[in-house]
Amino acid sequence: MDKTIATPAEAVAAIPDGASVMIGGFGGSGAPLELIKALVERFKETGSPKNLTVVNNNTGNGKVGLAAMIELGMVSKMICSFPRSADPRAFTEAYLAGEIELELVPQGTLAERIRAGGAGIPAFYTPTSFGTDLAEGKPVAEFDGRKYVQERWLKADYALVKAELGDPHGNLTYRKAARNFGPLMCTAAAQTIVQVSHLVDAGTIDPEVVVTPGIFVNTVVEVVNPAQEELLNRAEESWV
Amino acid sequence: MSIETKLTNAQIAWRAAQDIQDGAYVNLGIGFPEMVAKFQPEGRQAIFHTENGVLNFGEAPAAGTEDWDLINAGKKAVTLRPGAAFFHHADSFAMVRGGHLDVAILGAYQVAQSGDLANWSTGKGGVPAVGGAMDLVHGAKRVAVITDHVTKKGEPKLLKECTMPLTGVGCVTRVYTSLAVVDIEDGQFVLREKLPTVSMDDLQSVTDAELHIDGDIAELIVPEL
Amino acid sequence: MDKTIATPAEAVAAIPDGASVMIGGFGGSGAPLELIKALVERFKETGSPKNLTVVNNNTGNGKVGLAAMIELGMVSKMICSFPRSADPRAFTEAYLAGEIELELVPQGTLAERIRAGGAGIPAFYTPTSFGTDLAEGKPVAEFDGRKYVQERWLKADYALVKAELGDPHGNLTYRKAARNFGPLMCTAAAQTIVQVSHLVDAGTIDPEVVVTPGIFVNTVVEVVNPAQEELLNRAEESWV
Amino acid sequence: MSIETKLTNAQIAWRAAQDIQDGAYVNLGIGFPEMVAKFQPEGRQAIFHTENGVLNFGEAPAAGTEDWDLINAGKKAVTLRPGAAFFHHADSFAMVRGGHLDVAILGAYQVAQSGDLANWSTGKGGVPAVGGAMDLVHGAKRVAVITDHVTKKGEPKLLKECTMPLTGVGCVTRVYTSLAVVDIEDGQFVLREKLPTVSMDDLQSVTDAELHIDGDIAELIVPEL
């Protein structure tokens, strides 16, 4: 059992035009920047992948990471809860120009839809968004005298996730609040690709502290000392 | 309109903090509501929850010592207190939606006497963004709003009905404003406290819906902060 | 913040007749035996609590733990997936005599219903049990060409759970496969009472390895060297 | 009926094990199916999942060294292999229901040519018990059954339609029996392998539904175990 691969470029090489891609992270925390950078570089060299549907809590910040993907025109649709950031220009401009589609989902509903996708639950009911514009067109049902909105699972072709420790089975731990959407996205994609800051031997991670069991992971690539989006932005780095 | 004195945001946050019990689990909205954490009364310690998967976080670290993997929902760096825990987003919103938070304190564009809240979209175009607000308003045991009593243009924010897109229906039970503390009960605003310098008539004149009275109206304290 | 209490007897003192009680464990692994024993002793002394609805994966084994509760007549209804064990006599006899009601739930549905109860999801759809007797009377819906059964959340008045480490905030870790239903039940009860094998100071448990955050726990009681049901049964112990 | 030779349970388990690929995630039902783990072909290692929250467990420990917090779904003590993980029941069944298991191998009272499976209740009263069977049949990418070809009374178990209460509808795709390997395709039993000592007529005589032929029928190996 060895799910490791040598480089981020190899890890993302198969992602085709038109794919749906879940990208972990909440803002910069947990963003798999080296996997994203490999995608960006591939796009700059080959023009692919493009027309991507990306699932992320946000829509990037500045000119690196997801924001760079959007500014370069790789993304045709965003599914997210909060398309704002300190420097949201890439998304804002594309959105106002009608160049990118937006499916806005309340944050807890986004998380639960992804979990449902991974857990084989095609639909569930939530009180969230009842009576609001974001519930328009969705079935409503009453349980125990309260009204709820039906939401559908969310799956993707690929998930790109950043973890802390990883072993060749794909068992993962995360770092602090960088955990956020990572464990959910790992479960909900047909192919889950994870960059880990430390690749360790099978058996090194205590089975008690594994957050994502390897069954949810297809590919592991070690990226030591990964970049932090906040620091890249403070240094005004640009991938565009 | 003759209202000259009003609470600052910090003073509103202070007032809201007085109602948070020791040991309460609390979520504070991004921005202005985050200030509530600073004003916990002596001898009480709330446990703060952030949507992005941290329970029991503390103050901001000193500049230059930030860990950008340890942030709150507003993407600001935070620290941990003893007894903290990390968890993923589905577990985080299980806490929210499952009714495990004691209090959520949010900002507002508008609040209606029905308890409807509008705080996510002005409805005027631009880029809409909702975040966790729609989950929070249906999850916490008590949903309170802190807000200036009127908009920057002086228009009422406490309304008969919201005109902006709703965040939630019938979800707010108390509003802390720059002029008053108002409960929402049975589809009515019930005035609990007001600034002594503001008359009932003046207060009503900047409130779209009727302010009802049910028992004594206490004096809204103006803390020195 | 101090959720600790001195003894199991005090921890379970408030559970009334007619309460619904989730009890953690899969067979003996994870069974909170000292909390159960305190309930049994209270019942023997006072005749309460009785008419309990108990949620557990099983229905006890031998003459200790949940089996003893059933044999003593404390339980009027079981919600479980697998009412069999090496020595299932207590339940079998009560059931065949019509003295105890049984709601049989597929194991994954039982787990998901409890999770839904804790997560504020009043209903969800699952492929499990579609077309079987256990789906009778439940709404069916089709999503993407496949049929699913609607299941409702499951909540309880109390949860009794066994954990390994616990701190005064109620943060918990578990021991090996004794984790099973514990973390779910902690989230789904109005009052969650946990026996921990080691009570530690707040800050001792690494925030990365907390399995149940304290927000889901109301009461923590330390029980060092807790009994293991399998060993009690091998020693033919009886609480009846 | 002239069938004298048949595979033992161990031999059926051996045959089923030959179809499990290296690195496959596998759930084995309680009892007889657990035997499949013993017969993994040289050079392949499957990862075994148990409903009660363990991935990558190994063999039973020596008697006297059991840890009764480390058990499988059959409540038998197990050990761990390097790269194991513990998780709670909802995550465990997310693996099952979410389609993350490659193979589930279960026992059966009856299997129908439609792929319907009955393996949880004889329908004759007593205490019903379902466990995780109904979840497993709708979750794993491939659901296979291992079973004697007939009941202890000699009645067929491969049927036109199940008469006992169903575990799942149209879920089984391959049946390993004591006499044959049968695939389920388009609502038909398709014979893939049979014991060379058993004639087609004899095999059909102990099979309620028609056995179809689609290409060669291979010889079912009788391993020496």
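Labels for the chains are A, B, C and D, by order of writing; each one numbers its residues from 1.
We take it that a residue touches a chain if its C-beta (ideal position, glycine included) is under 8 Å from a C-beta of that chain, and two chains touch if they have at least 3 such contacts.
Each chain and its UniProt protein: A, C = 3-oxoacid CoA-transferase subunit A; B, D = CoA transferase subunit B.
Keep in mind that what you see is a predicted model, and the values were worked out from it rather than measured.
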item: Each chain counted as touching chain A and chain B (CoA transferase subunit B) at once; value: C
item: Of C-D and A-D, whichever chain pair has more C-beta contact pairs; value: C-D
item: Intercentroid distance (Cα basis), chain D (CoA transferase subunit B) paired with chain B (CoA transferase subunit B), Å; value: 56
item: Length of the line joining the C-alpha centres of chain C and chain D (CoA transferase subunit B), rounded to whole Å; value: 30
item: Between chain C and chain A, distance of the C-alpha-averaged centres to the nearest whole Å; value: 35
item: Sites on chain B (CoA transferase subunit B) at which at least two other chains make contact; value: 54, 86-87, 90, 93, 96-97, 138-139
item: Of all residues in chain C, the ones touching two or more other chains; value: 112, 115, 119-121, 126-127, 174-176, 207-208
item: Parts of chain C lying in touch with chain D (CoA transferase subunit B), wherever the complex brings them together; value: 26-30, 57, 81-86, 88, 91-92, 95-96, 102, 104-112, 114-115, 126-134, 174-184, 211, 228-231
item: For the chain B (CoA transferase subunit B) and chain C complex, residues of the former touching the latter; value: 22-23, 25, 45, 47, 49, 54-56, 80, 82-87, 90-91, 93-101, 138-139
item: Residue ranges of chain C touching chain B (CoA transferase subunit B) (in the complex, touch as defined); value: 1, 115, 117-121, 167-169, 171, 187, 201-203, 207-208, 210, 213-216
item: Touching residues (chain side chain D (CoA transferase subunit B), partner chain C) in the complex; value: 50-54, 66-71, 75, 86-90, 92-93, 96-97, 116, 121, 126-135, 138-139, 165-169
item: Contacting residues of chain C [partner chain A, same complex]; value: 112, 116, 119-127, 141, 143-144, 146, 148, 152, 173-176, 207-209
